[in-house]
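Please go over the structures that come below.
Both complexes below contain chain A, partnered by chain B and then by chain C.
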Partner chain A sequence: MKEIKVAIFDLTDCEGCELQFLALREELAAKGKDFQLANWRLLSNGASTGPFDITFIEGSPITDDDVVAVKKARAASKTIVALGSCATFGGLQAALPESRRALNIQKVYGEKYKATSRSPKNISYYIDVDINLPGCPIDKNELERLLAAVTSGKKYKEIKYPVCLECKARNNTCLFLEDGFCLGPITKGGCGAICPTNGLRCYGCFGPVEGANIEAMENVAGKYTDKKYLKDNLELYFKNAEEYKDYITKRK
Partner chain B sequence: MSHNTAHHYITKIEGHGRLKYDTKEGLVKIEIDEGERLFERLVIGKSYKDLPFITARICGVCPTAHTFASIDAIENAFEVLPNDSIKNLRKALVAAQIVQSHILHLYFLALPDFLGVKSGIELHEKDPRIFEIASSLKGTADKIIEVLGGRAIHPITPTVGGFTKTPKREEVEKLIVRVRGAFRLAQETIDLFSGFRYPYLNRKTTYLALAENGFIDILGDTIVSSNGLEKDISNYQYIISEKIRTGSTAKFAEHNKKGFMVGAIARVNMMELTDFHPKTQAAINEFKIKIPITNSFKNNLAQALEVLNYLEEVEMFLVAYLESRSERLNVGYQVGPAVGVGAIEAPRGTLYHMYKFDKNGLVTDCDIVTPTVQNLTNLEDDANEYLRQNKSVTIPRRERELEMLVRAYDPCITCSVH
Partner chain C sequence: MSLIIYDSQIPDLLVELAQEFKLYVPVEKDLASFSGQYIWKEYEKSDRLALLYPLTVASPKEFLLPSKDVLFEYDKEEIKKTKSSPQIIFGLSLVDLLAVERLGKVFETPVTDLNFKERRDKTVLVAVDKLSPPQDIEFDVYLQEIGDGVFASFAGSKLGKKIISKKYFENHKVKTPKIYTKKDSYLSDPDLSQAVAKSKNHPIWEELTKTCFGCGICSYVCPLCYCFDTSFEIDFCNNQQGTECRNWSSCLLKDFAAVNSCNYREELKNRIYNWYFHKFVRMPSEYGFEGCVDCNRCIVYCPAKINYQKVLRTVLNDYKKRTKK
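Up next, the complex of A and B:
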């Protein structure tokens, strides 16, 4: 893997996905399977400006500097990976309505404050993205699978089954039946159903699975769960996902 | 880099911050330009049930701290009383969070300054022995949170009233063995960080931390200060005020209109020698560590002490958990209109969450005060005092040491702009 030049950039986010990356890198280094990290701001001074074979971008572009950074990264990289749900969908912070951003900033910072940033977006809003690796945070096994594919020149295959499949494989009690609501059926797998396995229903952090039947989810979960609560939860991670936006447009 | 204009970015701190150093005026200013994420607005109208999950995402470096500050605020609002079994597990997790974050900072972000290595990621080639210690300690801290919390980053199991799942006895027993095995490496960490030459700075300030029954306590209910203040956490807004500055997305906090300090130095300075766990006491004596620490560069040393002290604390609470282990993972409670303040000791200092709820447990107001915001004013004061006390130091070295000072504070910019 040594010849492949990897870069990691972070924009506005919590940096949890980078730390998953760091943890995986240590595990790989311990096994003697290392790769060259050409640029990683969190851990390095005076980093390289490229070119890179594969660039991971974490977070959502919010500041002007963020937007410049993603464009530079695109120009300097063969492959761009959106690392985590902030990069893929804009993240939790994108769940706030754009139209109320100015008001919300005033509420937090006061009336005199001049905001420096724009509404959070997915990075594909600004540049072409080759691979999306969602998750809040990303899953280490899935990242390892992706690294193994791209470093051996193979195509990384995105997961096309829901969390439920992985949940069933782990013999978990169905939390949809227990709590009256769980986003597992419409959420993309790849997490190993880690939350339901630990007793917490799925929050949909990997975004919608291909062909997600959001209408059926609303109909069934709506029988047991408050409608506003359901909508709030769907929009926490799904709000900027194409499948969800299409669903909302069609419903209108 | 020109030394007259004074803009440069600081790397190797979590998030995006800038130190502006004007050599003409000789004044240092901190500017934070991480984009506003507005978590305090994001939670409005949300159910109390989802707050620990959402607010953990403020920070990937200390998500366990946010999870428990959030749970504490909700439980104080609804008067939830967790049993001893739940409390022991929580204390082990909060202590492990301090160890996890300190290790990341000490070995991957601060150490390159002292070893002359370009970056933390080069460590395993340049100094394999130190990389091994770093990797093993980080692995242990990650493992504790993974076993108790379900995942090393953004824990899953902690919930209002208790846990969604608790570990099996054998898992906890194995974990205790691993924690005991890490003590030696934590002692080596203190040895390493007590041996470095730190830049000169000597300035006393006011220290704040949480305590319970007169002792510093990571889940304490009382705010104490080095000036004798002792107030219930529900009064935090009267004790700490946040100032808004143009050009900074992070606020700057003050106590009695002055800067103050929270975090490793604050906690260590407010403890008597006998308040530390036995192995940490022995290390303080063996390596002749002088407390109180009045040089903020030595926050790294205070963090190294805490790595051992909080590993001992994890062991203590895990043993207590096995003794108190109850079948009940959760206690019941009633939701209603209420206000709740929660506070815990996060790695970088006291973290406050405050929520107001309506009758259905939906949030109507929220305030979050992070440790980094509390330290920013003090950091600036320290930087300016450093310049006054080091007039004979060359300008390039001064700039390098000012960067080291910022790094020593371990500021979490991500947290500070939440």
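Up next, the complex of A and C:
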């Protein structure tokens, strides 16, 4: 079998997603030489400049150097995977309103400081992305499914059902009904409903599911929850997602 | 004379049955925030049974059509069929028993689904209810509660006879009361199917999109929602191996009717209508019964609190008004 060259880059993030590769260490070991980690900062040996078959990029670009690095990675790679919600949607750091960001910078660095960083964006804002693998962090099983598809030359099939399917398959009752709010019904599945299963409502970290009815969420959850709280929670992960942006434009 | 069993004897019976079968029973979910809710789980001796449960979250469908059902495994060219192990579902309500019966009919009409049949043939059904045992529904054992903690026992199969001849059952001179419920009036309304069939343009479907998330919970908890999606799962370590799975899905999901570049039900209102159409128009004409046993799970677990009975009533009333004129 042909060997596959893999690179993993990280930008502004918590490294939680790339750590999921270590959760797959037995599987990766079984793959042996066929799966070559040619460039990964967390591995000490080897830092190939490419070309790569698959490049995973975690985190969101926030400096000019980051943007250059991302563009270089695109040029050197056949397939680019945005790894995790920071790469897919800009992540938690993108949830902050821009006006607040300017205020915070002033508060922390003083009035004279001129910020060199950009506001965090999803990677597809700068380059073409082939596969988005959202999650905060990503799910180990989904990563394995993606790796199985790309290494065998098949198309990775994105998940198109909401968290509720996995939640009900795990015999959970409904946190939305208990607490009046949960983003599960409009959030993409693939996490195995890990939060609701352990009593915590869904925060939407996988982003909106295909066909997410955000209007219904506002109508129904709005009956029980404060409007600002609802908006803040929706924008925690959804802010840069296409489905959400479309909804906001349509509503105006 | 009739055979009875006391509830104090049931744990001993279950311990014995669990030696031979995978045994599933209804219990109360124990997490504090989930109190008052019931689920099916594999029996352990420490379990406190919730016989005569009001409602379980997942329906008994999960034992015959699991959320991820491995149809076969393959290794290069070789295909290995998956085998299921013998199981007992102990404590089905009459409503859930009826659902299992209908699910069985669906999966043998017009052709038998072999994966489903394999599992169904290895499944023993033990129903527990206050109502009298039904004449036209298959079961292995039926326990009718005739007093507090006292159950009259009926066998519906050879295996059932073997079970109720165990030492935990006693002969007693009791008369079992005949209790049947009336069928809900609107579900048995002869116009229901026609009313839904002729209501595609009713404004209610558009109205429902204001609150319906399209999340499909009503399908996942429904004992008679059997439509599925398939997936081909390649093994990462060895690309020559993998499994073909049949997974839960729902016609309320946007992707459900998407084929290549065409989506037959792109709009949510059409998907909502289709859910009703399949249950109350297509299934009656294909199988002779509705895809609904009135178990109420979809009402209880709908996050938007949509009540299908109210929807049907509106549709039915408006149809009657229209046709009278």
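We adopt the following convention: the second predicted complex is superposed on the first by the 238 of 252 C-alpha atoms of A that agree within 3 Å, B and C clash if a C-alpha of one lies under 4 Å from a C-alpha of the other, contacts with A are read in each partner's own complex, and residues count from 1 in each chain.
Please note the rule applied: contacts are C-beta pairs under 8 Å (C-beta built on N, C-alpha and C of every residue); 3 or more make two chains touch, one makes a residue touch a chain.
What you see is a predicted model, and the numbers here were worked out from it, not measured in a lab.
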| item | value |
| --- | --- |
| Joint occupancy of chain A by chain B and chain C, clash or fit | fit |
| Partner chain in contact with A:Ser152 - chain B first, chain C second, else both or neither | second |
| Which of chain B and chain C A:Gln106 touches, first, second, both or neither | neither |
| Touched chain A residues, chain B compared with chain C | B |
| First, second, both or neither for A:Ala30, with chain B first and chain C second | both |
| Partner chain in contact with A:Thr49 - chain B first, chain C second, else both or neither | neither |
| First, second, both or neither for A:Gly199, with chain B first and chain C second | both |
| Partner chain in contact with A:Cys174 - chain B first, chain C second, else both or neither | second |
| Contacts of A:Asn141 with chain B and chain C, given as first, second, both or neither | neither |
| Touched partner set for A:Val220, first chain B, second chain C, both or neither | second |
| Superposed model, angle subtended at chain A by chain C and chain B (C-alpha, nearest 10 degrees) | 110 |
| Minimum C-alpha spacing, chains overlaid - chain B and chain C, in Å | 7 |
| Residues of chain A that lie at the interface with chain B and also at the interface with chain C | 30, 199 |
| Footprint of chain B on chain A - complex, ascending | 11-20, 22-23, 25-26, 29-30, 34, 37, 40-47, 62-63, 65-66, 91-93, 95-96, 101, 104-105, 107-110, 112-117, 120, 136-137, 194-195, 197-200, 203, 228-229, 232-233, 236 |
| Residue numbers on chain B that touch chain A, as the complex places them | 11-12, 14-16, 33-42, 45-47, 50, 53-54, 57-61, 63, 104, 108-109, 112, 118-121, 124, 135, 138-139, 142, 150-154, 156-157, 159, 163-165, 244, 246, 249, 251, 414 |
| Partner chain A, residues of chain C touching it in the complex | 29, 31, 33-34, 37, 39-41, 57-58, 62, 67-68, 209-217, 220-221, 231-239, 242, 248-250, 253-255, 268, 301, 303-305 |
| Residue ranges of chain A in contact with chain C within the complex | 1, 24, 27, 30-31, 144-145, 147-149, 151-152, 154, 157, 160-162, 164-166, 168-169, 171-178, 182, 184-186, 199, 210-213, 215-217, 219-220 |
